[in-house]
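The structure's right below; bear with me while I get my questions together.
Note that the chains take the letters A, B and C in the order they are written out, and that residue 1 is the start of every chain.
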């Protein structure tokens, strides 16, 4: 016996239980629901699958290495240092080909500075003085060039300082000395890797023609895979004039985007370049430029140190690499379909609300949808087959609804089962 | 005819089919389910929408450029190099205003080193020797300063080496020479951009008052939008004393967080700064500090190279920018509501389990919920209307349940349809 | 009265409404559904919970700081500069212990360059000339070393240029001069932090034995927590020979991965290192190497500037830190269970389709599942109890299905309620 019941139980486990539906012959709600279904379907197919490629596993933790190299020489002629030839080893800082680098386009040179006493610049407010008491000895001049010695110099009206003398000439540059930097070229090598898919690629065109990379110049339409950029082009693509930027300096962002669909061919995975100026304010006015100082130190025959100070203005290039790769995978496909279908639940909820509470015949639909299963002893009166079903609020329902007449009604299953 | 049936089919497509529910008049499970619904609702509204802003599309791939500039001078007086004035061009490495930079706070200078032979330091274990055989010629001293020449020097008990002589004095610094660096200021310019929303902003207060940026100093309460930081403040906000760090060096992380709700006004999107010391161990003890060496090369009148070696200790500042922006979008709103509703499914499952298997009257509820639809020929005996429905386990059900009496039962739909 | 009805309404709110199911005694679909349920269950438990740890809140915005330090000296002997000792202050660029650094393994030195006129290299195509007209005065030589002076030199067949003379010898190096760099060691300090969990750790083994870090060398099996790496090992783990890379230079990526399960012990959160060569093309052929130039400037007794130009080849090390931490949290646990269950919906949909449209008895199942609730006046003919129910297509249903005989049928609820 136990065996039989176990067998029955086992068999019943493999009965398929499906939800019972009530067909509400209400076209309004029906159309509403179909429209909702269609919207969900369109959303799943159009947005999730076609646009967002929801059938793909994604990897956005791109690993990337950038190496840069600049080419070009320029001759400058200044009163301080005469004719001078600038090569990449001079105008690129740092020289080792970093992802972020700075190209000198303008400079103020202050040669042969030695430690000693001299007058603070008239342009430094904190250095102004009338008498010696204004120049407390040993105090640093705020935003100045040295330490006050305690003396006020009448000739300039500023404190005497101990520092590197002569001090830098404080004037705004009127013209970019290295304006020919416009024609320098940057060679950007970018190796990237998507670790999840073991996929790696470089932005350098794979060609057998070695000369191509020596001569080509990036151009979005004609040479999209040539990673050599003219400086003047970089700035103009970012929407600014090179000569304007060269004067006071600025910052250009070069964004390399790798958006790769690895279900497609290897050759379809290519970088896209975009260029923005980074040091602009929201109102598109340009911030005050980009400059810094560095010094070259020398020793004379007696071992005394002297130096040449450079205040350099220039263009800082910041190469940013982002990317995302996708490849077909069954798990996200299932998950996306599943959660899309889950959205239908919202539609069912909505349509049910409309049907059950906002239609004229809502009461009828409510009673069709909801079947009472209150466990109660049934009042069945012998052979006369007088039956009083009990409505949800406890009053005899069928009699009530059937206009006061007694009619023969079959007991509902719940009544029979009681 | 075919037209009619197609029309019927077409019309039936727009019938709304809604699930039939059985009302189980069981207050325990009912309350349980309402509590669950309430929890899900609170979760969706409170957590997903209010806290996580689930109605927004998010962009966390912030693009950022950081430019830094230090200001301040300090005078040092050492026996090796006498009075020396340090400006930003000297104490910031690298000088070009990078995101990660190092400020010299202490140093050991070894001037006038020339290539030649001298004794290895007594502090290098591998340099110790008793006789010449201990100093294999041409072998590098491990963690030492040069290449063994093959001779053991009795005066020091160490090998003679070929290297830059005199070798650096190996002593731990007792005092930070550039301790006045505490008052240096860092100006941090941070331009950031959320590419998805085409939104960009800078951390520099947009003000018409040019003098503000020349005088202000960051202070969380009084000047939260002034991007100029005193070095001493940076370390104290990170929980450490500047003078302690200055001695042996250390590393400070400055985290700039942009958490922007782009549904709000442009002016509400502001950075938040936080400061941590990066080189601390888990038990909050400090790692051994931060130092490195660099050399300045000179040539004398005869063309011989000599150099000054600096071992510098200092504070490394690492500026990290993170951020996330959100903006209202219908897609994530729908998805979040949908997946919140999907959670209700879990509640239905749970409550059904309780109702169908853990209540006293579970058998009754099970029979109410599940309606058999076994396809079987109906045993209907002509006019006498003797009907035997078949229960789930194959025995005549209605007769069985109805206490042995034959009663008139309407055939159920499944019987009728057979 | 109103009070009573409100009370009734209030009580009915806490009635539990459960979906009515039809048991389709169809083993095929039943087994299909159970298999689907099992698959979803396995997916939730196996993939979501065990493999992806779906019960954890995740933080992948790791904050990290890397400090590096190189050790080792090497002696070189070249015709240009004689015996020279290289220490870390010379061969590491930049010297301050950055995340990305370059180690010189080979170099071409051009000492004592002065600004002046000399012949362009024969290797620069743009410098070739036959007569003076080929050398336009003031024009830069493309990829050359200076500015054309306007004269064509017959001795070399190239233009005379103004630049740093003598120009660099243009030859490919045959042997790595600093080949002993193979034994240099890199000490990588990596401090990381998971901001969401306030968890921070360093890759340096926390040990009381100070000597351990002075002597150990990283080895995946024997010393996995020693952060000191031999350069030769780095390249060989990346699959390349150090001596090959040393000649022309190259780029090595060191990936530090922190995948931490913070539900486990602190000591279980450890970095994993991996090594790849970054400058290889897809066909595994190596790109042309890695080199750059820098110059050291000197002044002679008369104040004239001269310089030593170095073209350095070497290995660029790029240390990348990634990581993800997870910690138990109730929210993602619920969300993952919920969306897993939502997947069941897809199974229900699939099985319903099979049952209702692909089985032999689909019509029967369809009628069992769907109950009509068309609101229509019932044609009940007085006491004679002649009842015609209306089937879905509007024809009298019961009579129709019941083989033409009139039988007494109890009105269905929908008929009664009308």
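Here is the rule we go by: a contact is a pair of C-beta atoms (placed from the backbone, for glycine too) under 8 Å apart; a residue touches a chain by one contact, two chains touch by 3 or more.
For clarity, every value in this text was computed on a predicted model and none was experimentally measured.
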Homomeric contact subunit A-subunit B: same or different residue positions, threshold half: different
Turning angle required so that subunit B lies on subunit C, C-alpha fit (0 to 180°, nearest 5): 120
Cα-centroid distance, subunit A relative to subunit B, in whole angstrom: 15
Numbers and ranges of subunit B residues touching at least 2 other chains: 17, 19-25, 94, 298, 301, 339, 342, 345, 365, 368-371, 392, 408, 410
Of subunit B, residues touching subunit C in the complex: 8, 12, 17, 19-27, 29-34, 43, 47, 93-94, 100, 102, 115, 138, 140-141, 143-147, 162-164, 251, 253, 255, 276, 278-283, 287, 290, 292-295, 297-299, 301, 303, 305, 309, 316, 318, 320, 322, 339, 342-343, 345-346, 348-349, 351-352, 355, 365, 368-375, 385, 392, 408, 410-411, 413-414, 416-418
Complex contact set, residues of subunit B against subunit A: 11, 13-25, 61, 63, 65, 67, 69, 71-75, 81, 83-85, 87-90, 94-99, 112, 180, 189, 191, 193, 195, 200-202, 204, 206, 214, 266, 296, 298, 300-301, 331, 334-335, 337-339, 341-342, 344-345, 361, 364-365, 367-371, 392-393, 398, 401-402, 407-410
